[in-house]
Amino acid sequence: MPIYAPTLPPRPSIKPDKSPILVMARFDIVRIFRLKMGRFFGYVYFCVLLVKLVIIYVNYLLNTNPQLGQLKNFADQVMPQPAIFQASLLDSSMLFFLWLQVALVNGALISRDTLYRIRPLVYSHPVSQKDYLSSKALIAFGIPFCVQLPFILLPWLISILVAGSSGPVWVTAPLLLIPAAILNSTIMGSITLGASSLAGSPKASLGWIIGLLLMSSALGGILSGVFENFAWMAISPIALTESWSKILCGVEKTAIPFLPTAIATGIHVCLWLYIAKRRTLPSEAVI
Amino acid sequence: MRNIPSFVETICILFRGYLPRVFKARGWVLAFIIMVPFVIVHIFVILGVVPNPARLALELYHNGYASVVIPVIALVSASACISEDIEQRTLPLMLVRPAPAWALPIGKGLLWFSWCSTWLLIVVTLMQLVGMEVTTIPRKIIALVFTLWAQLGLVSLLGLIFKRGILWAGIVLFLWDPLVTLLPGTMQRLTFSHYLQSLAGGQYSINNMNSLLAQAQISTPFWLAATVLIAVGALAWALCGIKVMNMQIGLSGRESEG
Amino acid sequence: MSVITLERASLRYGHILGLSPTTFEIKEGGGITGLLGPNGAGKSTLIQMISGLLRPSSGQVLLFDEPPFRNPNVLARIGLVPEGDRFPVGFRADRWLRMMGGLSGLKGIALSASVDSALEIVGMTTRSHLTFSAMSKGMRQRIRLAQALLHSPDLLILDEPFNGLDSEARTALMYMLRNLAKENVRVLVSSHILGEVALLTDQILLFFRGRLLAEGSVIEIRELMDRHPVELRLEADDSKAVAQWAVDYPDLVAIKMETNGAVLSVKNPRDFFQKLQSAVASGQLSIKSLDPLDMNLEAVFQYLTEDHG
Amino acid sequence: MISFHNLEVRYGATVALSGLNLSLEEGIIGLLGPNGSGKSTLIKTLMGLLKPYRGSGSVLGTPLEDDASFSLRSSIGYMPEYDALIEDVSAYEQVAFWGELSGLNREQARDRSHEVLFFAGIDEARYRNVSGYSTGMRQRVKLAQAIVHSPKLVFLDEPTNGLDPMGRRKMLELVKKVRDELGASVILASHLLEDVDRVSDQLLILDKGEVKAHGSMSSLRQVLSRCFELRFLEPLTPEQEARIAEIGTLRDNMNGMYDVELKEADAGIPFKWAESIGVVLVQVTPRHDRLDEILIRAISRPLN
């Protein structure tokens, strides 16, 4: 009849069966989902999405109901051009909230670890810098992408369900808009990661991101005003995200042409990812 | 008996003590924020690509400096003032010294105010290079500097009273103040923009979007507007002093409740 | 006149108790007083009240017979080293010290001289031109110390000054504090590390759960705790002889034999030590060592907190 | 367990550790040294975060030079000096997370998180967010995360920092248990010599990036046969203090604890002397080498 005193468990066999990237990403996601902020954004997105769906349905009614024929003529005048309409599925109001959300959520990803000084501990586990950054990037890129997805797919599905291939949303719209969403989330993700690594706390990183966006927009505004050429707005990441869906949907006269958009996107992504990399080196980790 | 520094002495000590700080990163960021819009515009003027420089200079002044740069530097420099000491938990170290505690906020505030004012002075003076009319320049400098004085005081006070004071101040300066174009006559007197424009003798910047709702601009006499801005600033700093004087601020940094 | 007087001074943070009404007095003159107690015992509340950062909720705190809250006359005479690694970012240490000295009313030559001497005391003369962020934790702690010494205060308050210092710096600091105490400065030290406090202080104030539990020197306090008999280890070649001698002592509570000695539990230790000394001196008893196991600060601390916890 | 051969580590051009030659046995190793002596560089090197510039070394049989040192980290536990806790997550969840990151699978990590938290003495509080924890509890959580994957080597950096006396005693007991029950070696870096003295089996003293001494505690202690520590019931007057010279030389006086080198190694002498001048002795103990003295000898410079 032994007495089982509480002791430490025996040493387990350690066989890493999972990449640390997934472990860290899941841990961060769980924390993010606990934030009360999420509910607010959920409501906002729901409302914006609902408005868009209602517009599509009304559009369909206008097309099919003969009693509304006169209204239809009027609506045809008011309703935007098809390509612009497709692009507006990812429009600026929705992107504004998305920017706000990534500034809040992604901004905290690295800066929270800096604040609580978690990174030395992370690197004391079998985790390389690549793993660490990848796990953060997975979330930083994934969240904006996942939010944009329903804005593309739901109107498209509704449109197909109610009107078949002749609905207001092109059948091929997702093929154009999903790449736009990917590009948008890459821009958002890399900028927020870079700013987050510069800041010492989540609050400061929110400041960094907002400041960065404001300053670059102001700079872009001044430059485009001076040159009377709107392409200078490509300096502003917000303008970039607004631009991609238009370019890919083939809107004829986009504010910023393709080339400046592509170049500015490339520069932004490289610059901010490089900053994030420099600021999270393992050799600087243990104090 | 030990020597106890007076109010003025304390301000001088703080001014001298923190002086090297303005030559560090934050000081240069402020100078940068102030200089950059001008420098960019100036480059284009030199390149000769600007059709109407005189209009551009006014636009730069009103849309650039009056409505964006001043609030931004007020927010940035206010977070370098007394709230920095609270955040770094070094305020208790100053409060256990005999120097009058109510001189602490303004002592530090004056330093950052002077630093930013110097740069504003330089930049507005230089604006004649991009076509600003020389005779209006003194008015325009006074308008910016006095507004900064009042805004800096207000931001510091809010930062001292509220936990997220700087955020509230941001809301006041960036959401409330631009509404000036939409406000009826007397309500316009509750914004900084109104006094700034009264001093500078200019128009509110009107956003295209809001132009439908725009109200007629009223104006306040120059000397009255100047007095109001100085008084608002002075009152804010005085309230900051009173707050610090009575604040039960423990070693943990934040004000201890109770 | 006394340095510190507390008269039923208490402090609450909202509803939460910081310090129960406490009364004690520290008389004028130099010396080192230790503040002891576990976390949350009320030590730092006391320090904040004494240094004039917080007003007592009720009762009175007097320093040099005046309340300290924002009172320049009192504040000019005290120096505070708060706990924690706090420092102004972006400052050069010597410039910061000059500013702090200025805030204490020093000017001109007197200021430079006091900055230099404070830096010398903490051994940072050659490294004072560094910025705080370029310094190690220990160096910053030394600068915080220098900051408190600038205006040669009559009362020096140190909250956990040894945290973050290496053993070299600890020893240097203790040496320095003892010198200050000799120069008529009253030093108030709070610390977790009992061994150091025991070596340093001539008087301790023991706090527990927001209450002042005991005041005095270790031996005095230990003698007051008659619930716990004093345990002594006597080492001797002939442990039987020790036992035979000890059983005759009327206040002997227990005896435990060991291979080369015995552990005795006795009441009324004052009397016992006298008897033991006479016995050894007269050759009646031969021992190799006498070790009071629980007459140290650690034991006193443990007994007190257990009895009242 | 750990051996270095002529190891040199640099940060850019500055030499942080030079010419390290040593081998350490299993057990609790006290790591001592002033600030800036290279302790944290050593820990970084042992974890494979810094590569040796020259020389070689091995930890737990894994050489430091090659990439194997990466997987080595799953058999090492690290408890940082400062508060490295994820504030908005419960203790249980974060310990499980660290376990998973060390290569445990999810279920294992969760079970072991409970077990090590019991071991560390965090009971119901484990489901609460760490932000409300006291310093003592925080240190325990930090210890728990360092041992959740049953490492073979645990670095504890100032584990008793900020703890009150009771907390320190309990923490040191836990450290001993880590050695005894887990069978792990412990490297204990601390500025508190008392703590190192109480639990360590071996010592490693670093100064200016060099090893000044290493070996078992007993081999480093010197025997001081004629020195005794004396304490008296009442504080001595200066005249009485002066008369200590009659029985030997006074080496030190630490606040009433007199360190005296007697003329003969006989404990009876002080008793006779005390009786003759009318003071009462409370303590007469043979003095043994204290850890701070070992440290001073090793880094061979005076502390004051």
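A, B, C and D label the chains in the order they appear, each numbered from 1.
Please note the rule applied: a residue touches a chain if its C-beta (ideal position, glycine included) is under 8 Å from a C-beta of that chain, and two chains touch if they have at least 3 such contacts.
Please read all numbers here as calculations on a predicted model, not as lab measurements.
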Item to check | Where subunit B and subunit C overlap in contact partners, by chain label | outcome: none
Checklist outcome for this item: Note: of the two pairs A-D and A-B, more contacts are counted for A-D
Item to check | Chain located farthest away, centre of subunit C as origin (C-alpha) | outcome: A
Item to check | Between subunit A and subunit D, centroid-to-centroid distance (C-alpha), Å | outcome: 48
Next on the checklist: Report the inter-centroid distance (CA atoms only) between subunit A and subunit B in whole Å.
Outcome noted: 34
Checklist entry - Which whole number of Å gives the spacing of the CA centres of subunit B and subunit D? => result 53
Checklist entry - Cα centroid separation between subunit A and subunit C, in whole Å? => result 57
Checklist entry - Does the chain-touch network form a line, ring, star, complete graph or other? => result ring
Checklist entry - Each pair of chains that touch: what are they? => result A-B, A-D, B-C, C-D
Checklist entry - Across the complex, what residues on subunit B touch subunit C? => result 2-5, 9-10, 13-14, 16-18, 20-21, 24-25, 85, 88-90, 92-101, 245, 248-251, 256-258
Item to check | Touching residues (chain side subunit C, partner subunit B) in the complex | outcome: 12-14, 16, 44, 47-48, 51-55, 57, 70, 72-73, 75-80, 82-84, 86-92, 95-96, 98-100, 102-107, 144, 147, 151, 159
Checklist entry - Which part of subunit C faces subunit D closely enough to touch in the complex? => result 37-41, 136-139, 160, 163-172, 175, 192-195, 198-202, 219, 270, 273-274, 277-278, 280-283, 286-292, 295, 298, 301-302, 305
Checklist entry - Where on subunit D does subunit A make contact in their complex? => result 40, 43-44, 47, 49-50, 70-71, 73-76, 78, 80-89, 93, 97-98, 100-106, 108, 111-112, 115-116, 118-119, 145, 147, 149-150, 152, 177-178, 181-183
Item to check | subunit A-touching residues of subunit B, taken from the complex the two chains share | outcome: 36-37, 40-41, 44, 49-50, 56, 59, 64, 68
